[in-house]
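Two complexes follow with subunit A in common, the first pairing it with subunit B and the second with subunit C.
For the complex of A and B:
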């Protein structure tokens, strides 16, 4: 998961390298650190370093990390010959390595040899049953074969052991959302908010899921979490601002004719609307009139 | 028996949708089709433009609702309405019209009963650089009387045509030049409102 500043930094670096301004190694390190998926660029720039003996030796012991990174990027781009070459080099340097064994497993996956990959992973797990990467590869394999229910089962089992793996909780939540299992997705986001209460992304996602579930209570809670997202992002999150407006409108619709005991204060909605209008005026002026009509239609 | 409805999609709308799918090739993507019933022939629905919507968490309502409001507002002033929905599945092997696509399709159907659901055909997409076919890379689904989305024709037959016959050639060119990098969808807009989901500069 990447923050806006991190993404901007990464893109700037990427542009620099694209335009011949150097910094390829820096870029590759940042991609590794942020765990983003930019396989075509990694392959291109990684290979340019690996194929140049001078640049390669300048890396020192990091050379092997780069081989691994390029091997994986190559698999993502279906350049399996490159992957095989990288693995060969790594195998020579680290003959008994489980980490290289993992790469071999991934290569089998990339070829679509699911049964063999499963065999390879199982045997690796016998020696180390707590290898998180391999457990997650099995989830990925289930997903890749379209076996979503197995992916969910494996991921749930994984999370029973590794319950602090936030990325895994997010992955599970997103799988649930894609199957419209919103209650289960909500549970995942609740876990995430409990363990990392100051990450705005979780508040926002939770609010989105609650809104989608619908019903007065969920809408009211969603509104609170859109509000906390705005709080955590200094008012800069467009989705949360829209969320407030949507919630207010939906709550008004649902509570039509009901006892208006908890009267919704209109301040939050008008603040959100004003913030949106100000932002659009400044940065997307051509869409301002669309925004205004959209907000108007939500005030029904 | 009523004449069969035909759908004619403009090259502009068509290419935008495919490029969007290519840009986000590791996730499902979707988009909205804009157009109208042909004023001279009520058996033809013209898909004149498209707006790429999302490449993440497609089944969440809030971003979809905002997008639909804004899209309808913009195109309404041009006399065009929402006439359908486009979906591309996450996995290459998945050729099924999923439940999320059907649900969104149902919603659009309520406002436009001749709504078209288009599903990207990955196998056809793979073949594009080699073949010189003119048929669109999408399957067409229409709602039948039993409220189900049915595949129209053996492979859409000739019920979905691209208005400009050379569209796949143009698409092939764009793929080689990686034109998809420039495509902006509604997700991008919500992350940074400076990005324009109308993609005004894309084909200049």
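For the complex of A and C:
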């Protein structure tokens, strides 16, 4: 995850480069380090550096990394001839390289020839069956072809070996949510919370899934996770505030007559509602009436 | 008995400095040779999986209080289950790991290569030092030592009345051997093959590594008492919101 300082730095560099100031190389390095996806800009500025022989030689050995970065960005923007040129240069320099082989596989993927790409990836996997990136590319291919069940299967097999890869868990959770397999999604989110307990995003997503599953116990747990999200974000997360209100009213509905809930946090719902109103007043004052009517209907 | 021996500055010029320079150069040479000779070691499936299992189990232990009790318990059973739990290594298998490592030809070759690259330069340099630089006092250690160290530090010097602080060049060799590690990591970058002492420590704890750490994790996991931290969060959220709203 990109931290706030890194994000501001990235935006600053981006503005600087956009407005004609120098610093394209630092921008590209930062993009590569943070693994953000800014393919158009990378393509534009990367090509401007690569096509200028003076700047290219100034890079030294980093030139090849730049070729790889520009090739991937070009594939993202569907400029396949640029990609082919970059890959040709890289292949001339590193004829037996696995990284270039992987770029070739990605090019086949971008062109849409799935079978050939699959063949390329399997041959690369034969050499080194523990290459994480290639496994993940196969999953991405299955997902792009629309074959979600195979994507799930591949991802599960990948996670059996590399179970500490939290990006993979996140992808799996999102796939499950898209397929409405909420119990499995909840498991994935639990894994994510275990590996990074202070990231509010995972708490929020987990709470959403639990709320969707329904049932008194899940609703209570969801309410707790919404509360932890509020705590971790300092009360600024609107979705969590809504979540609290909805959860409390849902719990009240489900346990009508059994009043054992009140001992925990009776004021939480009213506080959340007040916070929401204040937020809306500040940011979207014209929608405030909608908010108040919705909240009022919840309190039934 | 503490007479001050005046040591010839020629000793410094022709013994101490050349010895250090030679050791640095040999270290650099060894680094490049090991880089050339390094064969690409295909990582083993099982070892990678075990490493990842350990990381996951450690995460579970660390953040156990953030997930609901039921999920924690089901995960704990998954890990430490008697029959097919991930962390459970039956006694028979633990022994096999080391035997397997020695019988696997690739790994044996690798180990031999690493040992060779470590032992041969050390032996050669030591013999060279002994041959050329023995029989005289090389340096004076700034702090006083007991008589026990005499045999170790004053090997070439056959006078028993010389203060133990005056040492032979052999001890300067050993000092360099252990002390130049820091210098090497400066000039050669982090990954240098001259890290003998580290490698020696690694070799002793070799074969049992995976199974021991697995059982250690399992024990740690069994101990953990799950205390769900989430209810506290509700109160904290309340406090946060109160501050925000007021």
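Throughout what follows, the second predicted complex is superposed on the first by the 272 of 300 C-alpha atoms of A that agree within 3 Å, B and C clash if a C-alpha of one lies under 4 Å from a C-alpha of the other, contacts with A are read in each partner's own complex, and residues count from 1 in each chain.
In this text, contacts are C-beta pairs under 8 Å (C-beta built on N, C-alpha and C of every residue); 3 or more make two chains touch, one makes a residue touch a chain.
In this text, all values refer to a predicted model and were calculated from it rather than measured experimentally.
Per the definitions stated earlier, placing subunit B and subunit C onto a shared subunit A by superposition produces no clash, and the two fit side by side. Of the two partner chains placed around the shared chain by superposition, subunit B is the only one that A:284 touches, whereas subunit C remains out of contact. Look at A:146: by the touch rule set out above, it reaches subunit B but stays clear of subunit C.
Judged by the touch definition given at the top, the superposed model places A:46 against neither subunit B nor subunit C.
After overlaying the two complexes on the shared chain, residue contacts for A:101 are found with neither subunit B nor subunit C. Contacts of A:200 after superposition on the shared chain: neither subunit B nor subunit C is touched. Contacts of A:297 after superposition: subunit B is touched, whereas subunit C is not reached. For the pair subunit B and subunit C, the least inter-chain C-alpha distance in the overlaid model is 16 Å. Contacts of subunit A with subunit B, set against its contacts with subunit C after fitting on chain A, share not one residue. Across the complex, subunit A is touched by residues 26, 28, 56-63, 65-66, 69-70, 73-74, 90-91, 93-94, 99-100, 103, 190-191, 193-194, 196 of subunit B. Residues 37, 144, 146, 174, 177-180, 205, 207-209, 211-212, 238-239, 242-243, 246, 279-280, 283-284, 286-287, 290-291, 293-294, 297-298 of subunit A touch subunit B in their complex.
Only residues 128-130, 160-165, 187, 190-191, 193-195, 197, 221, 223-228, 230-231, 234-235, 244, 264-265, 267-268, 271-272, 274-275, 278 of subunit A touch subunit C when the two sit together in their complex. Against subunit A, the residues of subunit C that register as touching in their complex are 42-43, 45, 48-49, 52-53, 55-56, 59-60, 62-64, 66-68, 71, 230-231, 233-238, 240-245.
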